[in-house]
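Note that the chains take the letters A, B, C and D in the order they are written out, and that residue 1 is the start of every chain.
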Amino acid sequence: MRTEVRELKSVKLRSPILIEGLPGLALVGRLAVGYLIEALDAEKFAELYSPHFPYYVIVDEEGRIRLPKGEFYYRRSRDRGPDLILLVGDSQAQTNEGQYEVASCVLEFARKHGVRTIITVGGYRTEEGGSKVMCASTSRELLERAVRAGATVSPAGSPIVGIAGLLLGLTAFTDMEALCLLGETKGHIPDPRAAKNVLKVLTGLLGLEIDFSELDKIIDEASRIEGILTEIEAGEERERVDRRGRRPGYIV
Amino acid sequence: MRTEVRELKSVKLRSPILIEGLPGLALVGRLAVGYLIEALDAEKFAELYSPHFPYYVIVDEEGRIRLPKGEFYYRRSRDRGPDLILLVGDSQAQTNEGQYEVASCVLEFARKHGVRTIITVGGYRTEEGGSKVMCASTSRELLERAVRAGATVSPAGSPIVGIAGLLLGLTAFTDMEALCLLGETKGHIPDPRAAKNVLKVLTGLLGLEIDFSELDKIIDEASRIEGILTEIEAGEERERVDRRGRRPGYIV
Amino acid sequence: MRTEVRELKSVKLRSPILIEGLPGLALVGRLAVGYLIEALDAEKFAELYSPHFPYYVIVDEEGRIRLPKGEFYYRRSRDRGPDLILLVGDSQAQTNEGQYEVASCVLEFARKHGVRTIITVGGYRTEEGGSKVMCASTSRELLERAVRAGATVSPAGSPIVGIAGLLLGLTAFTDMEALCLLGETKGHIPDPRAAKNVLKVLTGLLGLEIDFSELDKIIDEASRIEGILTEIEAGEERERVDRRGRRPGYIV
Amino acid sequence: MRTEVRELKSVKLRSPILIEGLPGLALVGRLAVGYLIEALDAEKFAELYSPHFPYYVIVDEEGRIRLPKGEFYYRRSRDRGPDLILLVGDSQAQTNEGQYEVASCVLEFARKHGVRTIITVGGYRTEEGGSKVMCASTSRELLERAVRAGATVSPAGSPIVGIAGLLLGLTAFTDMEALCLLGETKGHIPDPRAAKNVLKVLTGLLGLEIDFSELDKIIDEASRIEGILTEIEAGEERERVDRRGRRPGYIV
């Protein structure tokens, strides 16, 4: 088995923009691009398989199983905005070379479909978990468009790890340009709030209008769960402190 | 050296079902399919070698050594039931890509022998270690047959790790269909009881009748050993608690 | 994607010496060869990319991103001294085979450009972090030249890890000769002082004269920072000792 | 770079026996075969290089460096005994597939030189570190010869890890037969005593007579060093117990 894209349907697109959101930190990219697929009613037309994805299969609600994979959706331009290819999936590659191989395979697929612009979406961790969206790009013009749409230019030196970064880096050997949007997150658990922050920049940049009301419900639910978890943790912490007369941190 | 199957004997089978039981959790699959081979008096006809198997050799009772390998047995249909190919062995592949490579090699061998249906057998861990048998499949019909034979449909989201899962997933690129049967186990030690639970579903599904008396002896012996181990552990635990006036868990 | 060198400019050099300084212990080689590139006003003419480099990209001061890479600079001989190729970069390869692959790729590039002599630069750790420069070589004559330039012959048995070592070892299959210069360092943090010690030997050996005044400023700044860090650590240590009445080392 | 043997000298041998002693547990094999090379005054005629060996180079007494490698020596039969090829070296392969690749490369070299019998030498760990020599083989006759020479047949189930095992296992695909001799050792430190025990069996088996006096000196020196180490450790242990009023083991 090789890393390869299997096309389910022959689709011709006009200079589409590829938007990548494979799972990463706090699932920000996965949540954002997954929501966009729903909101735009995009259609699946290709799948990516790789021996560098984890060696397990996933069981769905009906007991059916499938390999981990990447999924390409497309959505033709309507009133305004470009044709889109949207990439989500179950996992990133599990090894260093696998990461390069999967990213190269995505780029080759993009090239074949006439993609000129790639936007990757992910999260970046801060202690506060604020609401910024960082951007970095291979193109000054694309970077400026992201800034005008509300993003902040990423500070120098910070590495962008995984496919969200590699896809940008590997465009150097193509005629594509690429942009990365990273939503600020504490990074503990899936963070739909960060996904919304990224989506606001992304849709602004693309001239798209989508309905955020479903995402807002998910955010409310996540806040509720996080609140419960925080209380439980605080309770456990108090118990530990009581039992020992001091915080465990002092021991180690 | 490549991952490859070496055929010891040229065998022609009629649309055989391939049943896989390489070692995994609590050796459930290995024990079940190994017992089936004995009970059906199946004959070995091919071996699978791979540089992804562990880099050691195994010494047998007479000081003879051999590489870790997979072993294919066959058993022609008698009164009723299909022709069978049974796969057991010493180990699964040791790396992510190795897992995909070994599973692909098994599938290629299956294809060559006209296999249309693959059944993989393994264990799944629960704290209680009950007697359920979970099933998942690439085919709704196969899943229903497993349920009628006593299995429970696996809950959504649970990954099936290793070759028992990958073989199912990789049939997506073939015209084969596949079923996975997982016996519930605590998973500490080899679990012949879980193997029997799986075998009951499997033989029911295949319309086979086998004699479980030898397996029952193995189960009794395993219960006896587990009882001894549990007593020893309980004793050690009491000692630890006595010595320190509290359980070690509270320290860390 | 393969490990490969991409030439940005066609350059013809006369029997150049290749000097390697990829990041390693205390960044000694990176700092030394990087400074040499500045001091000699060398020009970049090729880049090395590899799927064995880390799977992230690096953001620069303007939000632009790029893959980790190796960079080859050249500097033609002026009044005296040989033509030079200088190799620096972001990282070494991340796996065992990757290390061999990247070193082999560098050697192939060197062979193509008529290189006969390779000098690799790095650090070696001692507790005192003195100012010695150790040398080892594939050639007795080259070793003697390094000793005359102030280096000490490396003791037997000490392995030289990574590309600084492998480049030397792999010349055995070529007609090149190679020398390794390792600056003594405590190895905690980037060590420009060790880099200067190596550069003094290296420039002496090559008959080059460079201005060290900018490097001296970097050394002063690093000393200042190290002084602050040492004070902070000492303070934290005192606090720990006070709080517990004994050093934490005694606990574990 | 590939795993490959480089022949330094063209040598024709009559059905030689290959004896392998790459570094492993307590260096038993390395010490035994290294001593045999000295005692028989064997001559080096080939070297094995591999990107699966560690990615460092080794510095010799004169500051010269070289890659880790395997070294093949030969010794023609004199009065009695067969022609021999002796393999020692710096390291085993560092990855699972690398182990298979290096062993396959050794076998291919053996085949080319008409080898029919391979003997691998190593150590096996016991708490007592007695003086037994275990044997396992692909051939009953070879096993019996080892037993007659003083070896004990290895118990079933014990894996033989690394090249000493794989070389035996991989002969299954050739017309060679192979024997493994493992000297009992505590395994903490290089164990020349275990090497001698293996050598006594090996030379008996081959009908060779060698002078053990140099090895006895090494054994005496090793015993002396071990005695000192044991005393130091006992002292440290007493100190720990005194300081805390109980053994550290009880804490964790």
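The rule is short, and it goes like this: a residue touches a chain if its C-beta (ideal position, glycine included) is under 8 Å from a C-beta of that chain, and two chains touch if they have at least 3 such contacts.
Please read these numbers as outputs of a predicted model, since none were measured by experiment.
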Which chains does subunit C share as contact partners with subunit D? none
Superposing rotation of subunit A relative to subunit D, computed on C-alpha atoms, to nearest 5°: 180
Give the label of the chain whose average Cα location is farthest from that of subunit C. B
Copies subunit A and subunit C touch; is their interface built from the same residue numbers (over half shared) or different ones? different
So, what's the distance in Å between the C-alpha centres of subunit C and subunit B? 52
For subunit B paired with subunit D, centre-to-centre distance based on mean C-alpha positions, whole Å: 36
Touching at least 2 other chains, the residues of subunit C are none
Graph class of chain-chain contacts, one of line, ring, star, complete, other: ring
One finds touching chains in the pairs A-B, A-C, B-D, C-D
Can you list the residues on subunit B that touch subunit D in the complex? 1, 51-52, 54-67, 94-95, 98, 243
Within the complex, subunit B is touched by subunit D residues 96-97, 99-101, 104, 135-138, 140, 143, 153-162, 165-166, 168-170, 172, 180, 250
